[in-house]
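Structures given as structure tokens follow.
What follows is chain A paired twice: with chain B in the first complex and chain C in the second.
== the complex of A and B ==
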């Protein structure tokens, strides 16, 4: 690996040779095949083609990360694919099962409402105080269009949170990819100055939704504020209240996921609104990996601050040599720094001590999770598209 | 090498190990752990536990325990009745139901059973006991006041008069 003559230990690797990159990619290729051709996956030819395409896609992206030393650009391709293909597979699935995108009361009473990760923080207080889950799903298998219940989703979330911390929002969330894709479209941001107080928005929404869910005994965020109801499933509008709820979903989606990301080049729903993102920030504390800033190398040019898609860097945090706890470990700031002052870091080690090793260790863990969870979503979307083409 | 870096690398290695274990062990371990917790879905959705069954010849009516909403929950207290199996029901059902098991009928429930399982249902409930509210041509208004078909059963939820 080539090194910088001034400070060998801080050097960003030159593009790796193809052989080295292939060698480093080999474990991920094996993992992708293991995950996408595991027992229980559909075995018809179209599904096999979808699995092969997904395995190839995920392996190729990891290879490019190894070859170029760049993380963000290739991760974004994966993440946007998940964001775009999730609604394709999900909507096809629920329409096949129940004939509509709306959630009928019958399905709620039968405990078959699909459970995503968003309501998890809202269920904790009611469950702790009354032992009741305020969600019309099933705890065990049998719930939702996927057949999985709440326990399965919570199990996946717990295991992945242990590995990724807040990295969930960059490598696992199946909603954030849409706004990240929209934010990537314009060459420049139309709105550049954003009041930093908006950064507290997710915490405010989280607090309000947790208290409301306890008081109203319903998953308040899902009932009233989730922008992604617009691209997954909505509340069947049986009356004026239902119409009002659906209007809120569509307006929030249009504003926070389409218009504002386009104008600001930021993930505005994640940065200013998402209560789950705020909740997930707490788990950044238990992660072994983080992004740090080498204060000796940094000439505060704020390129990293500008590149951060969810405003997790401020002048103050840069001066302290760290990101805010909302950092999603997407790698945008690391890739943007021309002085290689922003680095991947393993807690407990000296800052900028073998940052490429820290990056590799994080990426192996994160990409394994990305293939297992996001890869399966991409596979589902591709299989659906192939089904329609054929 | 100092202790902190050793601990840091150990945690980083453990993270990769956890990632490998996740689909095979960890996910199932956590999911089973959550499923084993003494939690259940709120009864406003699930309808509450079954109290007893009334045999009506070819079909039966399951009477559930009354459900009382919490805090500011926007539902009234209700009791759920379940006619099953749908295939054994006549074209028009009109049953007197003894909900509290005291030997006296509490309500008279009547509804049509269409052949099309997706056809909308309407129910009339005449209270014979002042604890229960009347319903006239009610469909799917609220969780506490409805008639729906779920799989092979027809569910009627009758609101209770507030004490």
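== the complex of A and C ==
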């Protein structure tokens, strides 16, 4: 094996030189400028400033990833920014267009619901059986509040998912950042022992919601269980049941996105509840990139297991040299390992085959997607804030 | 009209309505089936009991409605109350089913080994029978379509026969569920199925309570 031929690297690698890091960052800088100054973006000075700040922010984070060799810390900065700024830009837009955060049934029937990736798994069975989408959005160009149309958005999601698998949940999801930010606040977890059976929660929610969506012919998760309705657009409550639905959204948000991440230092909504995350886990099986554990180097200290925000490492999986299929490829375990036994890996190659090259290839794909989705969201949030400040 | 033509129509209606029946029964059937033992025979047995009880539910509802002269024109208020009660009962049975399934993985949940399911005798017949009966009593769209047609027939016996053949037609679509027996039952599958049942039960409970207290189901 190649691992036997190499001596174990116990020390952290030296930081890359500034010049070499800049060179590696150059493609990302170009991509950021292309995405944030593309035709169709607002051209007023405040929007230009927001676009420039966002491009600079995304490029600087990537540069730091290249320079320090650390992935998680810089990715988290980006991810928390997306999570915090998403409601700012989104709510402002929705209120500007509609006058309220509540979505009435007339808007749903008109297909003016903004696209969201969450109901994608819920659409499949009804579409297969009836050739109809149960999500109230337009499929063609110009459809939905974003104007992109669902077909284009689902196409982009599929392409990125095939490449990154569940990496989507760490680089593209615009919901997970809030809980990741909350989880970063306390120095220590107050709840350390979590029953591992809760890890099956997302699969249970997925199963229940897929079946109910088929039975009710509506995206049941959006109607009843989405915690992020609390910070995006809720159901316009016109009676007691509507109030009940919104109470569920708020309670789930408070519990899974605020309180539990604070107590456990884990992304509890992602780990125990999110049905889309469970769905994305399936694609981890076919995605080219994964995180592996070099058993030759690993001295099971479980630092990686403790660092994982998603409970995707167990003693058994570490012994097998792999993460669980729920791994979000956030890089926390890779950065936490003092022996560099946890590595980025390209399927089909030997485990110790140039892990830094695997990391780079993954990060280029992931950061390109991050700029496309998250960058646009950060831009929207910053532009909104500048609008209010000026 | 010749009886064979009418029964053929019932069969065709059942065959055509099958996907809708699967959609309506899926939230109850799929997770409960996943808590059964692996193997085609146990799953076929479960499905037989479920479908037989569902047929009984059909027949009971049809006979009672016929006697009340309300097969088609059941007034909205009692209909909603009946549906509400059925949904609450369904939620109760699902919760019981999810709770009782905790013993199914008692011996091996700590590991990834396949589950040796013990102590399922008391729920083997009662569980699927209760679930089948309650889903049979639910007024799903295909059931209403069959009811409208059956109401045009001359006697209660003919109407029941119509429902029986309609049931046969829909049941064909349930046969693939026997293949769930090929899915290995380990801790993950049982736990996911139990959690899903609990969630679905909560949905049915809230739906049922909303119907019983006379509120709209959705907030728009």
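By our rule, the second predicted complex is superposed on the first by the 376 of 390 C-alpha atoms of A that agree within 3 Å, B and C clash if a C-alpha of one lies under 4 Å from a C-alpha of the other, contacts with A are read in each partner's own complex, and residues count from 1 in each chain.
Simple rule for what comes next: contacts are C-beta pairs under 8 Å (C-beta built on N, C-alpha and C of every residue); 3 or more make two chains touch, one makes a residue touch a chain.
As the structure is a computational prediction, the values presented were derived from the model and not from experiment.
> Given the alignment on chain A, is it a clash or a fit between chain B and chain C?
Superposition check on chain A shows chain B and chain C fit without a clash.
> Is chain A touched at more residues by chain B or by chain C?
Of chain B and chain C, B contacts more residues of chain A.
> Applying the document's definition of touch, where does A:108 land relative to chain B and chain C: first, second, both, or neither?
Touch partners of A:108: chain B and chain C.
> Consider the C-alpha centres of chain B and chain C from the C-alpha centre of chain A, and write down the angle between them to the nearest 10 degrees.
After superposition on chain A, the angle is 50 degrees.
> Report for A:235: first if it touches chain B alone, second if chain C alone, otherwise both or neither.
After superposition on chain A, A:235 lies in contact with chain C alone.
> Output check: A:245 vs chain B and chain C. Expected answer is one of first, second, both, neither. What do you get?
The second partner, chain C, only.
> Just checking: does A:191 make contact with chain B only, chain C only, both, or neither of them? Give me first, second, both or neither.
Neither partner.
> Could you tell me if A:288 is touching chain B, chain C, both of them or neither one (first, second, both, neither)?
It touches chain B, and chain C stays clear.
> With both complexes overlaid on chain A, does A:254 touch chain B (first), chain C (second), both or neither?
So A:254 meets neither chain B nor chain C here.
> After the superposition on A, what does A:154 contact: first (chain B), second (chain C), both or neither?
first
> Is A:214 touching the first partner chain B, the second partner chain C, both, or neither of them?
both
> First (chain B), second (chain C), both or neither: which does A:134 touch?
In the superposed model, A:134 contacts chain B only, not chain C.
> Just to confirm the geometry: in the superposition, how small does the C-alpha gap between chain B and chain C get, in angstrom?
5
> Identify the residues of chain A that lie in both the chain B contact region and the chain C contact region.
105, 108, 130, 214-215, 217, 238
> For chain B, which residues count as touching chain A in their complex?
4-9, 11-16, 18-20, 22-23, 26-35, 38-47, 69-74, 140-141, 143, 146, 148-151, 155
> Enumerate the contact residues on chain A facing chain B in the complex.
35, 38, 105-106, 108-111, 126-127, 130-140, 149-152, 154-156, 158-160, 162-163, 214-218, 238, 287-289, 346-350, 353, 358, 361-362, 364-366, 368-369, 372
> So in the complex, which bits of chain C are touching chain A?
Residue list for chain C touching chain A: 19, 23-24, 26-27, 30-31, 109, 112, 187-188, 191-196, 198-200, 203, 206, 210, 215-220.
> Note which residues of chain A are touching chain C in the complex, please.
Touching chain C from chain A are residues 103-105, 108, 129-130, 197, 200-201, 203-205, 207-208, 211-212, 214-215, 217, 220, 223-224, 235-246, 316.
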